[in-house]
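In what comes next, chain A is part of two complexes: it sits with chain B in the first one and with chain C in the second one.
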Partner chain A sequence: MTDNQLLKEKHVEYIINLDKKKEDFEYWVTEHLRMNGMYWGLSALSILNSIDKMNKEETIEWVLSCQQPNGGFSGNNQHDDHLLSTLSAVQILLQFDALDRLNIDAVVDYVVSLQQPDGSFFGDRWGEVDTRFTYCAVSILSLLNKLDKINQDKVVEFIGKCRNFDGGYGCLPGAESHAGQTFTCIGTLAILHRLHEIDIDTIGWWLCERQLPNGGLNGRPEKSSDVCYSWWVLSSLSAIDRLHWIDQDKLRSYIIDCQDQETGGIADKPQDLPDVFHTFFGLCGLSLMGYYNLEHIDPVYALPTKTLRKLKHLNLTWNKH
Partner chain B sequence: MSDKEQKYIPFSNREEWKDVKPIEQDDGPNPICPIAYSDEFKDKMNYFRAVLKTQDKSKRVIELLNEIVQENPSNYTVWYYRREVIKHLVDQSGKDSFDFDEEMELLEEMGSTDPKNYQVWNHRRFIVENYVGANGEKEFLEQVLQEDAKNYHAWAHRQWLLKNYSLWHGELEYVDKLLQLDHRNNSAWNHRYFILFNLHFNQQTKSMPLNIIEKEIEYAFTHIKHSPNNESPWSYLRGLFKGQKYSVQPKLLATLLELKPKYIGCSHINSLVIEIYQEQNTKESLEESLKICKILYQNIDQIHHKYWEFKEKNIKDQLERLILSQ
Partner chain C sequence: MNGKELHQQLNELFEQNPNIDELGLISSRNSAFDSNSAFILAENNTKIGISFSCITELYSYCFNQFNIERKKFTSSHSDQILNKSLDLLTRTILFINAENITALNIRKQLILNGYNEHLKEIKLLNLIFTKHPKSGDAWTHRRWVLTNYKDSFHNKGSNSEEQTSLSIQDELKVCKRVAEIYPKNYYAWTHRFYILKNQPRDILLDDLKTIKDWINRNISDYCGYHHRYLIITTLIQNDENQNNNNNNNNQTQKEQSIDLLRNEIKMIQDLIEFYPGHESPWNYLRTLTRYYCTLDIKDKEQFLAEQFVFTQKVIQDRDSSYYDKQISYCYRYLITLIYQLGFSQSAEEKHQLLNNLKNQIPNQSEFWEYLESSK
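Right after this comes the complex of A and B.
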């Protein structure tokens, strides 16, 4: 693949067909993640300007059916609620302009109940702590304009403890830096308008060093490149206004090389099989870099900028689109 | 698997479960995404629902839960209930009434087949903390990390152990062993920093003591010498100076300058030299960094050329400011 063509129609087709493969093994093993999968697929269609290809009413109904009595959302009917799937549910409803059908107070109570005295968040009632969950909580509350319900200073304090000597962030205090976790921490600080408190250039360089000579990005030192970091790394760089520090043409070529020419969809690495997760994150990367006239995606909320612009209470200081 | 299926005895046929009435799952009238469970698993879950309803916390429940967690280790409620049963049994008849060796064996087995499952780790922490103590934990973790040196649950468990049981003894040696095996093990570098930070970091001055910095510079370079392009020890070196200036230990720059001519093509050494020169903030040091920037974006680190061009501009501005102030 040398002509750098983005197979837009094929990707749309690939995503729409995903929901029809109910006989596939993969469909069933990812059953508990269906809410995340739905968000990835739907948002990919948004970036490709094809959200109308989804069955809006059926999807909204299904999402709402996953809200549990405690206010949280599960990954599918009959599964346990979790912050990860709750954020996805809110993101889906928002893109369908259906937040008015959501029991917002119940969601807010759920999220608030998961904050711990040290500022961190449990992912669900069973107590796993991870900076990912902090991001989910903060993003949900800010989308619903309810950030005042939690202790924000404590959140920032906890995020600060997860910052490592190399400038990156891990999932817990002391845990190794990882680009995915760095996205969640930078995103949290951006939403809370506290980015000015960190050393931008140190983390900027750590993120920039994630680009390998093949143009792709990795998530940790000495790991190989993977398309999903076109989101985790690029969005972080974008939020701190350092997107121009990497070689964008080379990264574009890398993502383009990961497309499946036959079925559509984007894989983690060239020649691998595509999946919805990497399709979404590959498109996100291309969108952030401004290629192919894609719908612009916001680097902090991972939602189309035009969707977020409808929420007047948000102040997207990092987003010039 | 088929072997196992043939041997499966439904709970309704088991003598010790005769008094229990299973409860079927209620899918609702018209499920959109129906869930595909095997008959065996349904049978077990039907009995689990019954147990939950009657709050049965007798010994037989552990057997049922064993079967369920092995099939579906991510079911939170099952793990939670298991802890409730264990607490109840110990409260009733004392610690000796429950076979914790068997419990640890189960966790060990599950830990090796599903090493990234949070529930398994969480349960392990509960058992260690409340009943069996930290003996043998380091050895267990050593095995897990031997399989996957980057398993973050294992590292998090290890860090928790060290802090809660003060098991720092021998830890630096362990990390050293891992790094001897693989200089590029970034998790091990991170762990080394964690140990030193917890043992030596001066919370008053917010910096690492000089004697530690000196020792660790030496340590980092023994690894750098094996593979100069390995990013990890270079980040580690920078991290040691967190909260203070590079000039507190001039040995660093001296070593860098000594190695630099040998490490042609190594971007890390050049980048660190630039940083130190920028800190020195003299006309000579800044001019020298400008030269290095050029070499970096023209030759040895072209993929990051945008960054080095930015840096070049930055240093030019710094130099201008310096000249103006003189």
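Right after this comes the complex of A and C.
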């Protein structure tokens, strides 16, 4: 357990067997998130260089079947559209090199229709606002090379309103700083090439304070450590080029301790049950820190760098890989 | 029992016991269950437990049936039998999975077509929160219901004041209850400020009193401190906006708000000394101090000197059993005073402080190095 070994084969096994347990309670209470789950699983396989283990054609067909008449994607066939699942759909198709099979104009119209006069985005037609939705919208449009369809200055203005005195960002203006929301806001600014709007010293300090003596990271003060923050905190630090402000060896050991030695997969905390979400984000953390020869993941788009390099219109100023 | 029968039985229980206000999912090994019963009522039929053993059956039936009936649903014409069935199916779905956004969205449409009432929906959400306090989608749905409720009053042209002020108190109560079920609940606290942000001064001041008691019992929950920060800064900001609209009488009120901030800083220092070794109050003190220094105040130097005296007092108080933690947070605070707010210290003292930090918080050595090199 202390030999810091990454169980690559077991993690691949764990991920490809995930979809086969339809009789479980777990299946029913997560089926509405299947699009996100598919993206987490597929991208985890990408990091492990095993994307060919996934049934490509079947997955593409299923993703396309989730596009709704308004252009947005739902989390599964029987659900309503949302920006969160729409981003996952685009990310999956891109990794399968299948964007040409997508009705791109419909997606773009859908995303554009959700921007509000103050620059924020609704998550769907029901009107909730959250910086996560801003990130989804901006990421989708940038991957599809359609950023010019929205008011980018207004986006930046809105993100600025969500910034707090500790340098972190919340889900809405005034909301408490949260590492997950900080990732979405820094990511948005990076994609729009406005990283200079960030007070790097202050947010960098707040982010590196998230590391606990056990090496793991938390998302807010006095919360316990959790593997998914190896992504939210680490990607933010990486985007502002301050990855070295935390102790990376200690974080590596923490993630490794969260592996399930029997079944494969990574849990939120040591000894907990693994799930696909934490498996993906644990691998992302290890990839960002450059351990184990994993495929490099981009800290802003949460996609493999080599996939993004194929999109010539992108300029990944923060990514040296 | 199959899923359909389970669903029907659950509906009957709710019809017979309209006062159910707490929901639980219970493992069937629990001795309160005899092996045949899927549901159990307790405390004068106000609490209901659903046996975990029947949950997959119940959920999969309701979800499949919901998908069949949803296809018949249109917003243009309203079929009461269909409305009722969708209402009950989505209710059971949300008892088990409050994140099913498609079920939540149908419930919005049942309000729009007049089948469901807003207040009834809020009551149902209160019940759902007793089991799913951290469901972001359920909180989102709640905000939609409240917004739509307000809009519907405006549309009718009636005076909504009395109605909405009633619901503010209800909302604050729910936020507090949920924050207690699940500490550090980001959703509940974000919702609390969403409800309060445009309220008049006296309501904001009242809430500050309410939360004072709460943080004394939840020292390590940053949410409560952040909420106080929002109220205090909102009050100061409101005063400033009024001043800009040349309202001269406002000067004393503005001073009162600044006093509020000074008292808050004093209060949090007392708390830090009384409950040593917690990160949250220290972070809060740091945020308040940074904020104070952005205001147009004359005594900034004096203020920073007082803060410095406070840190020296903490450093000398070696009796505390949490001295190591307390001192590392205290050093961090000193860094803010010196490196961010310009409190002047000799190079020798700065060097000593950063050395201490490298020992206390070695994880962040690179950051302390960075400060050292940046001067």
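Quick note on the criterion: the second predicted complex is superposed on the first by the 321 of 321 C-alpha atoms of A that agree within 3 Å, B and C clash if a C-alpha of one lies under 4 Å from a C-alpha of the other, contacts with A are read in each partner's own complex, and residues count from 1 in each chain.
Here, a contact is a pair of C-beta atoms (placed from the backbone, for glycine too) under 8 Å apart; a residue touches a chain by one contact, two chains touch by 3 or more.
No experiment lies behind these values; they were computed from the predicted model shown.
Once the complexes are laid over each other on chain A, chain B and chain C cannot both fit and instead clash. Touch criterion not met for A:D199: it reaches neither chain B nor chain C.
When the two complexes are overlaid on their common chain A, residue A:D249 makes contact with neither chain B nor chain C.
Looking at the shared chain after the overlay, A:R34 reaches chain B, while chain C stays out of its contact range. By the touch criterion defined above, A:S65 reaches chain B but does not reach chain C.
In the overlay built on the shared chain, the residue A:E176 is in contact with chain B and with chain C. In the superposition on chain A, A:E262 contacts neither chain B nor chain C. Residues 28, 32, 78, 80, 124, 126-128, 164-166, 170-172, 174-176, 178, 205, 208-209, 211, 213, 215, 220-222, 244-247, 250 of chain A lie in contact with chain B in one complex and with chain C in the other. Across the complex, chain A is touched by residues 52, 55-56, 59-60, 63, 67, 96-97, 99-102, 105, 108, 140, 143-144, 147, 184, 186, 189-190, 193-194, 197, 220-223, 226, 230, 278-280, 283, 286-287, 290-291, 332, 340, 362-367, 370 of chain C. Contact residues on chain A toward chain B in their complex (touch as defined above): 28, 31-32, 34, 58, 61-62, 65, 76-78, 80, 124-128, 164-166, 170-172, 174-178, 205-206, 208-209, 211-213, 215, 220-222, 244-247, 250.
Of all residues in chain A, those touching chain C in their complex are 23-25, 28-29, 32-33, 74-75, 78-80, 82, 123-124, 126-128, 164-166, 170-172, 174-176, 178, 202, 204-205, 208-209, 211, 213, 215, 220-223, 244-247, 250.
Contact residues on chain B toward chain A in their complex (touch as defined above): 25, 27-28, 31-33, 35-36, 74, 76-77, 79-80, 118-119, 122, 150, 152, 155-156, 159, 184-187, 190, 193-194, 197, 230-232, 235-236, 238-240, 242, 303-307, 310.
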